[in-house]
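In the two assemblies presented below, chain A is common to both, partnered first by chain B and then by chain C.
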Partner chain A sequence: MIAYLTKRLGLSVAVVFLVVLMLFSLLQLIPGDPATVALGPRATPEAVARYAEKMHLNAPVWQQFLIYAGNAATGDLGIDVFSERAVTTIILERIGFTLALIFAAMGWAMLLGIPLGCLAAVKPNTWVDRITGVLSVGTIAVPSFLVSIWAILIFAVNLRWLPAIGAGEPGDTADQLTHLILPAFAVGLSWVGYLARMVRASMLEVMGETYIRSARAFGLTQRRIVFGYALRVAILPTITLIGMGFGGLISAAVFAEIIFARPGLGKLIFDSVMARNFPIVQGGVLVATSLYLVVVLFSDLLIAWIDPRVRDSL
Partner chain B sequence: MKKLELSRRGFLASGVAVGALGLAGTYPFGARAQGTELLRLRLDGDNQILDPGYMIGGTEVEAQKQCLPFLAQYKREGDTFGWEPTYYVTKLEQRDPTHIDFELTEGLIWSNGYGPLMASDVKYSYERMKGTDWGGYFDALDHVEVTGDRTGTIVLNKPFAPFFMVTLCHGPGAILCEKATEDAGGKFTTKFPAICGPYTYEQIPGQRTTFALNPEWTGPKPGFDTVTLQVITEVKAAELAYEAGELDCTELGADTMARYAAAMPPNSSLTTAGELQYMWMGMNTEHPKLQDKQVRQAIQHAVDVDSILAGAYSGTTTKSNGIVCPGLIGHREATKSYSYDPAKARELMDASGVTGLTLTLRTLNNQERMLTSQIIQANLAVIGITVEILPLDSGPFWEMGTESAGDTWQDLQLWTMRFAGTPDPYEAAQWFVSSQVGVWNWERWTDPEYDRLYEAGLVESDPEKRNEIYLKMQDIMEETGAYVWINHEPEAYVHGTDIQISSAPSGELDYRRFARI
Partner chain C sequence: MSVIPSEVIIVKAPDIRESAARERREKLSAFLRNWQGVVGLVLVVLFFVSAIFAPWIAPYEPNTMDIPARLSPPVWDHIAGTDQLGRDTFSRLLYGGRVALKIAVIGVSVSLAIGLLLGMIAGLGPRWLDNLLLLLFDAVRAFPTIILALATVALTGPSMEMVLAIVIITSIPQYARVTRTATMSLRNTEFIQAERSLGASTIRILWHHILPNVIGPLLILAAMDVPVVVSVEAGLSFLGLGVLPPTASWGTILNEGYLVIRDAPWMVVAAGIPLILTTLGFTFLGEALRDIFDPRMGRGR
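This part shows the complex of A and B:
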């Protein structure tokens, strides 16, 4: 297990290194002087010179990369072009909002999607299965940004049950949770469909296994068979899907963060791309990649913990 | 004592339970929090640099107006714009074309123990600006003479007619506390070193900015005790937030203006700040395909601007006839050398002998610009010109004609462009002088007479003469054949009928002058 963990961590570091290299190369490939590109064509020569010195742009490219990679390794992701604040600080201010959104979205999607998948699997080819199928495909097909707009129009503009914008009053947990409902609903809706379809497919396969038939022969209740035995096995590919889908959730969160005007990592990266604030783009993508790797690793370890067969093979 | 152990099954069950509890804890409630003293507005992004010397502009100017002293402020006079002294001065008079005397109001105090507002702060602030990114606004400043604790004279190195409107009323005219700014290292970004205004300033990055009553302020009390500005990047999201009752006032997009004109939300009013934006289609006079003036004139005659206003802007914008916006000295009522005339356009194309012309039209990739470009594409097809539309993100768009930013300027043929400015014609005119070729004069024409008139407009103080100068300058521009004037987009705001809003002609809101009716 420790060897496996070490190997995975090593691979993760290599991926992060490649991402840093790629991001750095992309900045070099942009036509024009990096300082002018970052500060815009109206920047004064003095401002361009100040920026170039601060960002070590006068050093050879390989040296710039080593400085950036070295600083990134110590948690120093550079300085915001405009406000001159530390990029690490700016990202830390936002990342909690994105994580809260992603976990809330995935949380409610799991709470609904997994039971729906089970229900469809234990009643295959019935009206329950068909309705579940239609609902699942429907939720997958509707883009999250559209769901966001509909959700605002229905629940905030027309009914005025829920707030439309922002992340809530700082320090007021209830208010912050209330502001989380609509974005989490919009981001998580398509995952209800994904999870239901995935769990149904896995469950149907597992329900045909001989040990399930044996369990039935021993007279165990359907509920015990489904949740005690079949789901434990059928959930494994779903956990992998959730882990792999984390990256996609960050993308979906960008739309939700823009439409609901929520602070977050995705919106920060988006705004920084638009403003050509490259230190934040680099830092944000680096942190998002690292997060993704951590979640994938965590999901793999979780599978190993849940399934002794996987654990023994590590 | 029993040891606590987490089994796999227990973990799964607990996870489900915690998730359910978390979601159960979120309860719906009425979205609108009412309060007579609270004003809720939109901010289109975090304020990055509050220092007037290094600011980006826009909402940073709005923040400065609440927290820093200014000598002059905009005043609306019917359909035109003027200026008036602010509360911060008891005297602001132009003694002669190069001397402006001022006397600061007594008893105004800087925060953080930095003492009273002094004439030396005015001297420090304005003379400091000359070496900053916004130094162009102070080119005409020679120095500020301090004649007493609260009195002084602004001395210009040459007569500069727009000094009040462009420099003193706008963001660069903000006055800083000399000692506080120097204590902060000579410049600052997201925090004011000291304030002297009705509101304090606090920003939670990515979320909101709050202006609360400044307990040390001795001037007139503003209309609202607290102003919160929610960071909402997209105009559409802000419009939805207004309709959901979460904002008291917000800017509108052109399509929403048209929708609201037909059916205004309940208890809402529409206020237009100004139309200080001018949009045109530009042509690169040096490009081989457009070097023939007759081709450019054919294009001028072929574009149906009225269709653009109706199709792309839902009739919410004003037709443009030049770079000087409505309400300003030098505004043109009509074009002189062209009008929509496809037959004349065909004649000009025939006379040029050019056939099978294919041109690229670069545009920003937003809805209105794309629609505008498509209408132009259809119009030019009528006279045999094939137009390929190239939508661009704001990054590459804003540097495509700049020589220092790459080689794209050499390929530039047609483009749609919109500039915004301050309420004086000088600012719009400055981008088209000879020295701006390859900087902002992407049409790349030069005319010594235009340059001469530009200099004359700066020093001329007679409004009638200035009017003639700027009309003549626009005639010269139009005669190059490099421009098809399109429109002036208004800065429009929707707000509750119980709120009176205050905005600069260029659209920046002045929260301290908002009032509950």
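This part shows the complex of A and C:
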């Protein structure tokens, strides 16, 4: 177990290091002098010199990289060019909106998708199963940004039920929640389909196992068998799927944030790209990718913890 | 002097050929009985035909403006309405299909080819090379597609080539991983060992024995990848990070429609339909093929 943990952690650290290296190289690829790029063409030579000094731009490239990587490792992602505030602070202010969106989206998708998958597996080849099948392929096929646009069209423009723009008044929880509904719907919709299919497939497999037959022979109710015994095993591939698919979830959240003008991490990166504010782009991308790696790592460990077969084989 | 009577061999040979033909017929009829597969095939053919023959089908030039007819609702002359500049949305959608087709064909085939090559190298090469490649694939996968696109656009500015590059880079790892796993499991099988002991070169083994074994799953993967690729293009173009106006792409049309969503809601509806039909078509087709040819891959990825 310890060996496995060290190996997985080491691998994740190596990937983060590679990501930092890629991000750093990307910045090196910008044509022109970085200080001029950052400060704009009308900056005075003194300002450019000051900026170059502050950002260690006169040091050799490998030294710059080590400084950047070292700072990033201690949580210092540099300074925003325009507001001169710490990038880490700016990201921390915004990331809550992204996390709330991701959790809300995943939450409703799980609450609907997992029971649907169970139901379809318990009654295979009935109309429940068929409708679930068609529904899940249908929701998977529609790109999330299209769902966002159409959701705005229906619920905000035509019906005027829900707000389309922003994240709500700070401090007003009810307002913030109503602003969360549409983006969470759009981001989570395809996951209902994924989860239902995945749970259905693994549930069908588990329901054929001998220990389920034993449970039946003991006279346990169908509900007890499905939710008490079968689901615990059938959920494992689903956890892996959620971990692996988290990157897609982040992508969907970024689209939703931009379309709904929700001030999360994705919107921050997007706006910074448009404003060519590179320190924030760099920091934001690093945080987003690290978030993904942490989730994948966590889902792997969770499986090792839940499934004794995996735990013992480690 | 053969021990086996010659008539046995004569009887056996056509038998094998016949059973292969029968198997092909069975697979075909299994495909035809799968309604999702048939619907998928029809939609995919529709996608190809409408994109290739767009200049002949489209009733208007995609960029011809007709200001008096601007923001027309769907009527007989403009079955999907017109945009802010009076351009016919239906014609623009047909031309937008050409962009999607180009991205799908080039993006998927290039990433499949590179993924195949890298996967074989990882599967047959030395251990350290395998580990290094796996680490690289993980690093690429750690970037959510849109985040990678944002980081790249920050440097290069939006363009069709950039979309292609993003699509190719993010798709390579999945092809490479499948190829690598298959190569590794085949590497130590007896028929490959036998071939090797007969003096076959690595290239020959890869080309004649490994390739035929991995190409099927890879093609199914490719069919399932097209929806992803097409939506990435549309999504990036929608955000102004991909194909740039005035070029008609499903993403740019959605973007233009989104700006007038209150006055001309039919535009975002019309622009979404071809996108959904295409993703649905390739998903259905890919899944039907997978169920028939490779049942082990199972339902639901």
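Operating definition for what follows: the second predicted complex is superposed on the first by the 292 of 314 C-alpha atoms of A that agree within 3 Å, B and C clash if a C-alpha of one lies under 4 Å from a C-alpha of the other, contacts with A are read in each partner's own complex, and residues count from 1 in each chain.
Everything below uses one rule, namely that a contact is a pair of C-beta atoms (placed from the backbone, for glycine too) under 8 Å apart; a residue touches a chain by one contact, two chains touch by 3 or more.
Here the structure is a predicted model, which is why all the values come from computation and not from measurement.
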Should chain B and chain C be called a clash or a fit once both complexes are overlaid on chain A? clash
First (chain B), second (chain C), both or neither touched by A:248: second
Which holds for A:174: it touches chain B only (first), chain C only (second), both, or neither? first
Looking at the overlay, does A:135 come into contact with chain B only (first), chain C only (second), both, or neither? neither
What is the contact status of A:99 with respect to chain B (first) and chain C (second): first, second, both, or neither? neither
Is A:152 in contact with chain B, with chain C, with both, or with neither (first, second, both, neither)? both
Tell me which partner A:258 touches in the superposition: chain B (first), chain C (second), both or neither. both
Per the contact definition in the header, classify A:110: touching chain B only (first), chain C only (second), both, or neither. first
Mind working out whether A:84 is in touch with chain B, chain C, both or neither, as first, second, both or neither? first
Thinking of the overlay built on chain A, is A:276 touched by chain B (first), by chain C (second), by both, or by neither? both
For the superposed three-chain model, which listed region of chain C (113-121, 239-247 or 275-283) is the one that clashes with chain B? 239-247
Where on chain A do the contacts with chain B and the contacts with chain C coincide? 149, 152-153, 157, 258-259, 276
Touching residues on chain C, where the partner in the complex is chain A: 36, 135-136, 138-139, 141-147, 150-155, 227, 231, 234-235, 238-239, 241, 254, 258, 261-262, 265, 268-269, 272, 275-276, 279-280, 283-284, 287, 298-301
The answer for chain A against chain C in the complex is residues 11, 14-16, 18-19, 22-23, 26, 29-30, 137-138, 140-143, 145-146, 149-150, 152-153, 157-158, 194, 197-198, 200-201, 241, 247-248, 250-251, 254-255, 258-259, 266, 269-270, 272-273, 276, 278, 281, 285, 288-289, 292-293
Residue set of chain B touching chain A in the complex reads 8-9, 12, 16, 19-20, 22-23, 25-32, 45-46, 48-49, 54, 56, 133, 135, 189-190, 204-208, 230-234, 237-238, 240-241, 243-246, 393-395, 398-399, 402, 404-407, 439
Touching residues of chain A toward chain B in the complex: what are they? 31-33, 36-37, 40-41, 43-44, 47, 80, 82-85, 90, 93-94, 97, 104, 107-108, 110-111, 149, 152-153, 155-157, 160-167, 170, 174, 177-178, 180-181, 232, 235, 258-261, 263-264, 267-268, 271, 274-276, 305-306
